[in-house]
Every structure is written in structure tokens, then in C-alpha cells.
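Each remark here refers to the structure printed beneath this line.
In order of appearance the chains are A, B, C and D, and numbering begins at 1 in each one.
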Amino acid sequence: MRFIDARCQLGRRCVIRENEPVTKAEILELMDRCRIERAVAYHAIAKEGDVKAGNMELLKDTEGDSRFLRQWVALPHTFGEFMSVEELLKGMKENSVSSIRMFPKTHGYSLKPYALGKFMDAMAEHKIPVFMTYNELASEDALYAMLTDYPKVNFIISDVSYREERKLFPILEHCPNFHIGTGNYVVHGGVKTMCEYFGAERMIFDTGLPTGSAAAAVSLICFAEISEEEKTLIASGNLERMLSEVEL
Amino acid sequence: MNWEQYIFEGKPFEGIYIFDVHGHVGAHKPFQLGGYDADSVAKTCRRMNVDGVVVSSLPALASDWKWGNEEVAASVDAYPGLIWGYASPNPFYEDCDITPYLDLPGFVGVKIHGDMQGSTPVNDPRYFPTYEVANERGLPVLFHAWLSAEVRAAADVARRYPNTKIILGHSGMTARDTALEVARTCDNIFIDTAISSTYDNAIEVLVDKVGADRVVYGSDICFFDCIHTMGKIALARISDTDKEKIFGLNARGLFSL
Amino acid sequence: MRFFDASCRLGRPAAFGEGMPWQTDEILEIMARCHIDGALAYHIVAREGETQDGNELLLREIAQIPQLQPQWCALPATYDEFLHADALRDAMKENGVRTLRIAPKSFAHSARPYAMKELMGFAAECRVPVFFDYGEAPCDELYEICHDYPDVSFVITNTAYALNRWLGPVLDACGNLYLGTGNYVPHRGLETFCKYYAADRLVFNTNLPTGSATAAVSLVCFADISKEEKELIAHGNIERLLGEVRL
Amino acid sequence: MDFRELVYGQKPFEGVFVFDVHGHIGFEQGSQLGPNDGESMVHTMDRMGVDGICVSFSPGIRGAWKRGNDQTKDTCKRLPGRVFGYAVPNPFHAECDLTPYFEEDLGFRGVKIHGNIQGETPENDPRYAHAFELANRLKLPVLFHAWMPYEVDRAADVASRYPDLNVIIGHGGLTFARDRAVAACKRYDNVFCDTAISSAPDGSIEWLVDKVGVEKVLYGSDMSFFDCIHTLGKLALAKLSDTDKEKILGLNAKKIFDL
């Protein structure tokens, strides 16, 4: 079973709990221990400090390192901040960056079409998947609004808590562009149930390293009561297909 | 000095030593800052005849402490004599030692922002190694001291490390009563004027209650603009000598410039 | 450089920090010190509850003060608790009131058309500028209110420094949004604004007494922008907006 | 035993005694749980090689203490040797008495305290005393929902006043209350921690073992709130010796549960 992790943070973050992995070496040790082949990685400074500088640090930290697939954090281009959509696409192409992560709550901006329409049109046109954690959205209604405002963009939402099933089920039903990161999807039998109702294609394996548990994440897939094909799709198939469709 | 004339003709003040004890470089994640790199900060300082500003890096406080302190070192390097540096520790990293930065020319103090670092109280023992160094060298330590609890924690540090010079950032306006109270009990506590919005007369109240000698000009530049705080001090109804002390003479003593 | 303050507040606050210059003569002294020739003032009683009585109290308090012009607080005429459009027009005309201030969150009413259609219809028809603190319709609500009433000129005040990522997209999408400069303090805020938008969408105000007038005037005087742009901000734009009012 | 092979071989934990000290059956109003009846839990336990589990009725059943405990009793009766029960007291209903559940072997092996959900009643409130006296007399384990530091301290207080019962701090060893949990484990012999948490980084169980000693750490999954797979996997792939893992997975529980 080949695992490719869709959510890993490199770089030195501000707050660490005792014994939490921090360095790239510690992350790689966990990836090896959990047999995770490669990981889509973004940089801690891009989330917590300077977005553009953090994206550059990521290029340095992953230079010639085939274990990591590069992911940039994006910001809207208001008052000349960050990059224009054209500059972003050019930068992604030159540096083989294949996906985008956004932090609308942490970085404080609107997801509505009046603000992000142009940006999301580019994501749709170039089939670039957009990654977010569930707590970056104001509510499940905000999630539904985003998914329906931009139906042609694939969104991968991670860290959905086990308490959200009644809120997420109807959204999964209505929004085929809604994918779930399985890292902390701990609902009892959740992976199996989702396969039954929505198909394995809707789930992307991720861990949330270094603050999420990789061991728990791989176990959730290995021990799930689903077929081998379904496990493989979740573990790496869906992500690889999505990233292969990116046109830059 | 005819402060009004300077302002309303848009002419930066002349003949006044202006030293900003509370500056920043580097981006801040929750919202967009205008011109947060060293060049922008230097440009504004030169335009406004500001003789010097001590900056800490926002990423050093809220993100990667090493990357951030390097950012400060680069800024100090680029504008020697104009941009001075605060080094900032991080309590979560045992290997975090900011002495190498304090040894660099141009680094003149320490900046602590417990709130951004997992809301760690500033008198948390994990900050003590930094205070020991500051105490040995008699350095100023600028605290983010917004809430009165933060002011009291900073005052606790002032008492434990009497050889440091503690600057209560923002406290002149927010937790003012607590700040005034602790400033009376500790003579190594100073109060800066860095705040985005407060009413006129706030500066007059500070000078009246704790004396101009204990108030230092700080603007929080690049977090927001320094102009409005400068204007507030310039047009405050306090004597010119008090304005000169606040604008820079006090700081000159604090930072032994 | 002379200034006109597009929004300040009169009246006795329930609570205030020691030294706050809330009394009218203190406000007038600061205005003089800051070369502010005139100001649109609203009353705290109108803003904190008794809107009509507060508006009338304001007229009495500034009757003998030529520098101060009335700015009325307003809310939808639910169960006739406030003037309907025609009565409002007549009263404003009679008392020289040319601007309104709304506070949907504080007054706890919806800002959507189903609730504010009459009031905003009046403001659009008579070209009456409508002021509100940014906190009264923040983030996406700012877009919605500007978008719902495209013919009303909105001036937001008390904005502080953390809003550019929200403000930019609304300025792009809606031409009827103006920014009160009092306490708009991002580093190089005014020059960045003028670079990406235009000085004619900036309106000088102080937010006295809670905001600092000395800071507000300094922000304009020392801004790294042209003299013409400073004049537009200091008084030009508000004079144009007030000139367009047709009661 | 190659625990890594277990995960990748997708084989259950055969040959290892596994006992889950923190389970729930029944409805939870705030969120739709996965299958939460005894039978579906045993189905997962069979797949994973888990020998037994001790459950209390879900906190969602707030007031109906008798109906909830009877629900647990029926489940234990239907699934003897696999599902055991915690009796849950209620501090507001004076008539609440747990002794009938222990007069004969109905499958009950301990007491569960969830003060937070019962009107935020302090965990060491005198109105729980009758349950503590019962547990002390019968030398039973008492599982506390202890997420916050003050909840952990109250559980420790009970341990200090009733030396013959064993306190299990539920969740607390892995939340931000963990320093308090470590202090309690070190101070009292009859205080233990479980591993029930939905999100804690790799290395957190190792940290707990390092601080309180492996004998004090018990496998608990909070099933059916969560799937037990993820905690089992976290344990299997943890950087701990096999003997440590076997103690945590079940041997420690054997010492304080009458199994």
C-alpha cells in the first residue's frame, strides 16, 4: 500500500507542545515509520509569518528532495499584496508547485466571489486543487457557499471533527468538488461509511504532520473495513490523479 | 518650537532628536501591513526626520524565531545607525539562545510578546535565561503589555532583574492605571506611547501622573504608521522640554546611544 | 492646510478614560488647535438609544456653535419609532441636516433591503451620505451593504488598521464606498490607498472624542501624497458630497 | 510481535491481550456517532483483535441514569466476556443507587463519573460519595471524564480519600491538562491515565509513558465516539518496546479490572 500524505508542514513553527516532532528529520522518521512515501508540504512561515517569504523558504527546504511535493500558501492580491494570479501561476510552473493551501480565517479575507472570483477562476481553469482545514471556515454554511460558488474547483478539507457528520453529509451529497482529508477522521467506521455512501474517490489520505498523528492516520486506512482498491485510492490514488490533472 | 507650523505645512520636525523604541519589521499573518520591510521603515524614518528606531521581527514573535531574528539582523545591517535591533526569544525551543544576536553591533535590547507565543506569561521561567543576559548587560526589555495582567507580569520581571530597563509597550493607553501603579514602585519601568487609537489628552495624563522622564516615544511602526503618534505628542499640551524627553532624550539614556 | 471633520461625537459618555475631552468646549479647543474649521457632529444620546430625542438635543446644543453642523443618527421606522422618508426629508431640510449615521449592529436591526429599503431609498433619492462605524457592518457585510444600495454614498469611520484585505475587494466592486481617515493608521496607509484607488474616496474625520484629532490631522499632513490629494481629503471630498445633497 | 507488521499486514492484534478501558454505547445528541450499539462495537473488536471493552452509556443520556445503566446491563448480558460495564451515578436524583448493579455479576466492573455533562457538577462532589464508597468497598476502577486541569485535580482528590479504588483519568493525560495528570499519577499509586483522545500528535503517548511509567497508562479509545483503529494504530507504531505496548494494551488493565 503506497501512502502519499496530502498535508505536511515543514519549517519551524511558533508554538510546540512537548515531545511534538519539529525538524524535517523527525518528520521523515515518522514518514518512514508509517511507510509514507511522499508528502505534499507547505511551510510554517507561510502560515504564521510572511506568506511569500514562507513559500520561498519551502523551495529551499525541498530543493532536490523527492519526498516532498511542493504546496504554496496563497493570499488575495489586494492593495498589491502577495502576487497577481498571473504571477502566482508563473511561479508555480517554474518551481513545480502543484497545489495551493489557504487560511481564510487565520489570514483574514473574504471567500466570496466579489473578492476571490478571479483567483478561483484560475484555479478551476488550471485544475489546481485547493487545500484548507475545516477550522479555517466560519461554518458549514460558509463551506457550502464556497463549494457552490466555485463548483469547478476541487477543495480538500482536512481536520473535520467527528461531531460534524450531520452538517457534512448534505454537503457531500450536493458538492462533488468536496473532498475530505482523512487524517483525523475518527468517526467510528467513518471511512467505511463514506465509501458506501459517496465512494472512496471523495477521500484523500493526509496526516497533518507534525501536529497530527501519522500513525493514527495510516491505521485508519489500513484497518478500515473496505476493499484493497478503495484503500489504495484513498492512500494515494485520488491525490495522484488530482495532481496529474493540474495544467500549468 | 512651533510644532503646529511644522505639522500643517507637512514639514517633518527639525532640531529634535527622535528615537522610536517600538518598531517592527516583517509581515503579520492576521492582516496586511503596509511596507513592512526595512527599506519602507527606513524611508518613513528618513522622511519624518526620525533619528533611529529599534525594531523586532513580527515573524520572530509569531512564527520562526530564528528566521525572524535574522530578518532583524539584515535590517540593522542595511541601515546602521538608523535601524537598531531587538532580539526575540521563543520559550518553546530549548535550543533558543538569542545572545549571538545581542552580540551583533546594532542590537540594543530584547522584545518579548508572550501573547503571540501561545499566550505564555512574560514571567514564565522559560524566558528567564533571556532576562539573565539582559540583566547582565543592563539592556532595555520591551514587553507587549496590553492587559493589566501582562503589565503585572512585566513588573514582576522588573523586580527580579533590577539591572534591566523595562518598557511597557502600549500600556500608556490600555492598562494605564496598572502601568502607572507599577511605574511608581519600580524606577526601572518605562511606558511607551505605541497605540493605534486613543483620545487626545492621554499623553498629558501620562506626563502628569508619572512624569515625562518615564515616558518614551514608541510608534509600533509598520504594524501601523508612526505619523499619527508623532502628531499626537507634538500637539499635546505639555512643555517643549517634556516633548523632547519623550521624543528621544529619554530613549538616548535608556539605550545609551 | 484647513480641515473639515466629517464625523465627531458630542454628549456625555457613560464611561471614559481619564482626560478624554468629551465636553463640547474641549472638542472646540482641540479643533482650533488642529486647524479644523468645521465638523459634522452626532449626539451620543441619539447613537446609544433615543435616536429622535438625541437628534433634537443635538440641534439645541449646537444652535449657537457655527462650526458644528448636525449629523443625525437613523434607523428603520419600525412601528414608527423613527421618522418615515417624507417626514425625515422635511425635518432634515428644516434643520440643515445633510448626513445620516446608521448602526445596524448596535441598534440590532437588519441592514438588508427588506428592512432598510425605505431609509436607504430616501438617502439614494436625496443623495444623502450615510456614515457608519466599520464594526457596524464588517467583513462581507460591508460588501453586502454597499452592493445592496449602489446609489447611496457610504462613509465608514473608526476603521483602525486591520482591514485592508477586506476593504480592497469592496472598493474594487463598489464605487459608492468612502473611507473616513480618522484612525485609519496602516503604515503608509493614505499613500497606498491613493496609489491603488484614489484620494477622492478618502474623507478626513477625527472620531473625537474617542479618536485623536491631533493624530488624524498629522496623518494627512505628513502623508507622502500630493498637496492636491491632501486638500481633497482634508475638506474637498466632503464638501463635494455635501454639495450633492438634494433635499 | 512486530507491531508494525500488524498495521501493514492489516492483521488484528492477535496473540496480544487487548482491553479497552474507555468505551461508550448509545446516542449522543450533539453529533451523529457511527454505529454505537454493543454488537457493532464487538464487530470492530473482532476485526481488530480486541478482547474486551468496558463501556458506560453515552453522556448524551443525561438524566435517565436508570435507563442508561440498564441499557449497559442488557448489553453486557448479550455479550458476556466481551463487553463489560461502568455504572454511572447521577448527583441530582437522590434515589440513584448503583449497588444493585454489583450484587451479582451482571458484567459491571467499575464506575464512570462525567460531572461536566451532569450540570458541571464537580467530580469530587459529595453527591457522588455513595458511588465512591461502593467502588472503594469493592476495589473497583473509577473512570473520570477529566479534560480540564481542575477536573484532573478533583479526580486525584477522590483517589486520595478512597485509597482502595483505582482512579483512571480519562483523556487528561493527553490534553493540555497533562501536567496535572502526571502530578496526580506520581503522587498517588491508585491513579492511572488512559489514551482516549481524538487528536494528539505522535510522541504524546511516549511522553506520557516517560513521565508516569508504563504501568500507569491504560489503552482507552472512547469508542464509539471515535473509531478505535486510530488509537490502536498510534500505539502499535509508537516508539515503545513491545512489552510496554502489551502492558498498555491490556496487561495493566488486568491488574485493576476483575477480568
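As a working rule, a residue touches a chain if its C-beta (ideal position, glycine included) is under 8 Å from a C-beta of that chain, and two chains touch if they have at least 3 such contacts.
Note that the structure is a prediction, hence the values are computed from the model and not measured.
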In contact with subunit C and with subunit D at once: which chains are those? Just list them.
A
Chain closest to the assembly centre - both centres taken as Cα means:
A
Taking each chain's centre as the mean of its CA atoms, which one is farthest from the centre of subunit C?
D
Quick check: more C-beta contact pairs in A-B or A-D?
A-D
Can you give the whole-Å distance between the Cα centres of subunit A and subunit B?
39
With chain centres defined as C-alpha means, what is the inter-centre distance between subunit B and subunit C in Å?
33
Where the centres are mean C-alpha positions, what is the separation of subunit B from subunit D, in Å?
51
Which subunit A residues sit where two or more other chains touch them?
78-79, 81, 107-108
Interface hub residues of subunit C, defined as touching at least two other chains
162, 164-165, 192
Chain adjacency by touch: line, ring, star, complete or other shape?
other
So which chains actually touch one another? I want all the pairs, not just one.
A-B, A-C, A-D, B-C
Interface with subunit D, subunit A side, in the complex: residues 1, 17-21, 30, 33-35, 159, 161-166, 184, 186-191, 193, 209-220, 222-225
Complex contact set, residues of subunit C against subunit B:
1, 16-21, 30, 33-35, 158, 160-165, 183, 185-189, 192, 207-219, 221-224, 230
Looking at the complex, which residues from subunit A come into contact with subunit B?
11-16, 44-45, 47-51, 53-54, 57, 78-79, 81, 103, 106-108
Interface residues, subunit B side, partner subunit A - complex
26-27, 29-32, 34, 58-59, 61-68, 90, 92-93, 116-118
Of subunit B, residues touching subunit C in the complex:
4, 7-10, 12, 30-36, 40-41, 44, 47-48, 176, 196-202, 204-205, 221-232, 234-236
